[in-house]
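The structures come next, written out as structure tokens.
You will see subunit A twice below: alongside subunit B first, and alongside subunit C after that.
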Partner chain A sequence: MLDVNLYDEEHHPSPLQATWHEFKQSHIAVTGLLILGIFVIIALLGPLLSPYDPSTQHTNTLLIPPAWDDNGSILHVLGTDALGRDMLTRLFYGTQITLFASIFTVFVALMIGMLLGVIAGMASGLRSSFVNHILDILMLTPTLLIAIIIVAILGTGLTNAMMAIGLALIPRFVHVTRDFVRQEMNKDYIKIARLDGASQRQLFVTNILPNMVELLIVHGSLAISVAILDISALGFLKLGTQTLQPELGVMIAEGLSTAYIAPWNILLPGLGIFLMVLSINIVGDGLRSALRNRLTH
Partner chain B sequence: MITTLIRYFNLICLTLLVLVLLSFSLAFFFPGDSAVNLLGAAQIADQPLLSQAVNQSNVLVQFWYYVQALFNGQWGVSFATGKPLYEDIMQLFPATLELSLYAVTLALVFGIPLGFVSGLQYRKKIDHAFMSSSMVMYSFPVFWLALILILLVSLQAQWLPMSGRLSLLYDIPHATGFILVDIALSDIANKQYAFHDAISHLILPTLSVSFIAFAVFLRSTRRSVVDVVSTEYIKSAQTRGLTASNIFFKHILRNALLPVLPLLAVQISTLVTNVMIVETIFSWPGIGDWLIQAIYERDYPAIRTGIMLVAMIVVVFTLSLECLSQLIDPTRDRFAYARR
Partner chain C sequence: MIPLLSINQLTFKPTKKWEFMVPSTDFVLGPVDLTINKGESIAIIGQNDSGKSLLAKLIVGAVTPTSGQISLNGQQLDPNNTKARASDIRMMFRQSSESLNPGISIGTMIEEPLRLNTQLSPEMRLEKVLKTLTLVGLMPDHYYFYKHMLSEGQQQRVALARALILDPQVIVADEPFAALDPSVRSQTVNLLLTLQAELGLAFIFISHNLGIVRHMSDRTIVMNEGQVVEVKDTQAMFADPEHPSSQKLINAHKALLTY
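After this line comes the complex of A and B, so read on.
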């Protein structure tokens, strides 16, 4: 007799495991996840690794090119900027600020958006119409306009920039949550739970939310890439992070004055933003298709 | 159809009213005296309605006069220059519109056909190539892209100018505000040189804006083509023995283009942000560059009016596109909010 009974397999992969299994099929998505992991590690550990301070100015080492250049120095692997600050150190700190500020912004926006989305999705009649139209209008408003209004009222700063971007992101999450909740509310399992006497809150927390988590993760990851682009754009326009903080967009703006003789000052921070956004987009796309594959199988 | 039109007209009017209300209230939120924030100066002689609005004690009456003043082109004056905002904006606005128009056209002309190619070649080599390159394209920060273009094309190769709209050599009178149209209308000597110059100024900003929009259009067109191709009616058309070209033109093309229009509407706000950033980098004399200058100078009247106008344009464009897409395809009802 065989020891293994093929027909009595105990293990069923959980939805999360199934999604991960689908995600692994795409090598590009896994590579994206690796790059993103490297960025997160840089953001977490980078400041510990570097011997320099991001804002200390070394007047005898101005505009040193990266180490692979003939005039480069191994002491400053990626060169220095116009004030003699070490580029690599600033990139570490910049990644930290840009990445974590974006993740935090998206997290807060996601929480608020989800809450509003549930209200909008479960409501009906005039109230629903009103809330939804207001949100649509907010979604139409370009991020930069919201940022300009907030900067004009409250002044510049990273917190204000994050607030503006969060405000612009909330409607996306509301949209996603609302459509999903509305779609689920008409399904049979919700009706059964309702017949069992579940309240609106119980319906959402125990029945709808577990089904929605993955969707929110996909949209959240894509929103992080948007947030990174926006935070660095605001930093670049001097509307967000101020000059003292080494944010990646601010670094590009500072590199502008010496762009011709020291192009690495704008190329390297930009490359950082680009790779970060690219890896997040790849991961988000991979997650989305993994989810789609899992649900269609 | 009439109901749809009326509903959208209603929605647009209400939204615009909300925007006017917002811009009016901004004058009170901004630091400083609200009357000065509205007018832009302590006294303006040639804008009676707006001055009257300031002099009222009741806020509602103030708002009523403010709306009237807006309709009469009395938008206040700028803190920085002291010139009437209405004239400033009317000078700048066509430049922005011109840039966005060319960029969107370019992105559409290339994005949608290539999206079709990609969608019809689903999961083949061309599709993978398009998908990965468009993913790379829309991950570009627009300001970095513009700077790289300037570094490579303007500074290194010196092929194209890096800022402005037209070389100072040409003095084109302001007629429509669209530089190419203005040159065509004007009667200066070396017209073709002026054209050449204007176009060489246009290339880099247009490319930077359309680069990202192109990638988005390509991806969304592809998605919608893939969705259509996998439907049952395409399969049944194939089993009926229709030729590939017949299926494509009669069934795929129209049905796949339907969802693209509302996607276009959603993209407008991203596009406006990108246009504003690109304008700042290329010193393009448009409304975006002007607004960002205004925020550096804390020019509150300019910010108030500029934001209101840009938001209005975005709302009108987006809602009209959505209205159009619903007229073409009545099955997707955006007004289902109230009914459910």
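After this line comes the complex of A and C, so read on.
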């Protein structure tokens, strides 16, 4: 038998390694990844690190500013809110809820949307165009509006808000997957594979899916940033997460009443949301160009 | 003697779905009768839209014929069962940016027909793929390459490897040399001639390059408006074309040569 590695002096990177190599070329993308990594670590480990409970009210230390201020206390590094709850602890928990709820929502929506999109894309004729046009109507309305309507029907709460946002995101995924699959199905290499006797499922798994990763990552990351904004917007409007839970949007809404005396109460959660969305968009963008470049040079 | 491939009264009429929206065409292919022997190479020439590619697709089963039969070694082929003929009759599509999948490695791509059509174990498949890669003049290293790392000539070789991997009896190629530059083209022509001599393949190809047709093929088929208008040995065809459309093609070729 031929030994492949006998004269192999060159290293053949796997697709994943090649993508990482391309991704590293962009410093901005790496910075974005670092920031996102910090947020993920905060969300995972924050609750273990913080000394307080997010809902404990320290009644003798209301509205103290962050530690670097003259009136600040090192016991509450980022200050406390109007009910005396520790800001840092609440930010840890808030990041956890907002970030993981968004990622989970998008993941589920992506799976369902992709499945429907692939079915619609590989089918042909009336069935496929029916799915498409129904979804076009849904796509015309902004996600937040759909989410508000769904929340109005189902009632408020984080789970309902997640369901609403997930449902609002599905048509988008179905649409892009369907368009992509249809476009791929007409290409010569699919025709060749079909002549070889590949079933629809084999066609999809071996031939279409490897090319679809780029699309899924780009739309997935975009959708995560949309979901973060929507979940905190619903929280802010008191339609999503309820007051007891430390969600970033809810924290902004609560801080609003004391915005003049304690601006850090809205500034800090706002900054958290902003940095999360920014870093996710940067990472998604970096991944997109890395995946594209991987297959061009 | 039973011919390797015999085509009997093969016709194709495009079905019209939205008749009121598309101007109707009265294009009909065939009926085509043709027999091909083992180790023979046949060239199909003709003007654009004369049904050359369609005939190639009908032979490999990419398009279902309206009527007529194709038999391989005396066995009639089921027009709807592409899998049965996949290992004996292989198609090479026109070289284009879409003829190879950009997202999977060359090795996976060449292995796919083996995975779908044979019961070989993964090690045996790997061995077979590496052997085929060397056969078409690539290196075992190319197993790990992706489409964008290869030149067009190499991509053409990959397409050929994919066609050869199942040890077919017939290869049908749609303009296999069109996108290649002259030096790579002559390399590929020589490669094909060598492989044909070694493996005893029947080779059916479509070409606009009459020089290659004259060099490679044993017989030449001229098509015009869906009909096979002339079938002759290549030498006889080039010496004495009978049908007006073959005369036109061959005289144009000769006029270029005399300059």
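Rule of thumb we're sticking to: the second predicted complex is superposed on the first by the 286 of 297 C-alpha atoms of A that agree within 3 Å, B and C clash if a C-alpha of one lies under 4 Å from a C-alpha of the other, contacts with A are read in each partner's own complex, and residues count from 1 in each chain.
Just so it is clear, contacts are C-beta pairs under 8 Å (C-beta built on N, C-alpha and C of every residue); 3 or more make two chains touch, one makes a residue touch a chain.
Because the structure is a prediction, the values reported are computed rather than measured.
Residue contacts after overlaying the shared chain place A:Leu48 against neither subunit B nor subunit C. With both structures placed on the common chain, the touch criterion links A:Ile74 to neither subunit B nor subunit C. Once the two complexes are overlaid on the shared chain, A:Ile148 sits against subunit B while remaining clear of subunit C.
Of the two partners subunit B and subunit C, more residues of subunit A are touched by B.
After overlaying the two complexes on the shared chain, residue contacts for A:Leu295 are found with subunit C alone; subunit B is out of touch. Contact with subunit C, but none with subunit B, is seen for A:Asp196 once the two complexes are overlaid on the shared chain.
In the superposition on chain A, contact of A:Ile282 is made with subunit B only, not with subunit C. Contact with subunit C, but none with subunit B, is seen for A:Pro210 once the two complexes are overlaid on the shared chain. Of all residues in subunit B, only 11, 15, 18, 26, 29-31, 132, 135-136, 138-144, 147-148, 150-151, 155, 268-270, 272-273, 276-277, 280, 288, 291-292, 295-296, 298, 300, 303, 307, 310-311, 314-315, 318, 335, 337-340 touch subunit A in the complex they form.
Listing the residues of subunit C that touch subunit A in their complex gives 60-62, 82-83, 86, 91, 93-94, 96, 98-104, 108-109, 112-113, 116-117, 123, 126-127, 130-131, 134, 140-141, 143-148, 162. Interface residues of subunit A, counted against subunit C in their complex, comprise 1-2, 4, 7-8, 10, 12, 187-189, 191-198, 202, 206-207, 210-211, 213, 295-297.
Contacts from subunit A toward subunit B in the complex involve residues 28, 124-126, 128-129, 132-133, 137, 139-145, 148-149, 151-153, 182, 225, 229-230, 232-233, 236-239, 249, 252, 256, 259-260, 263, 266-267, 270, 273-274, 277-278, 281-282, 285.
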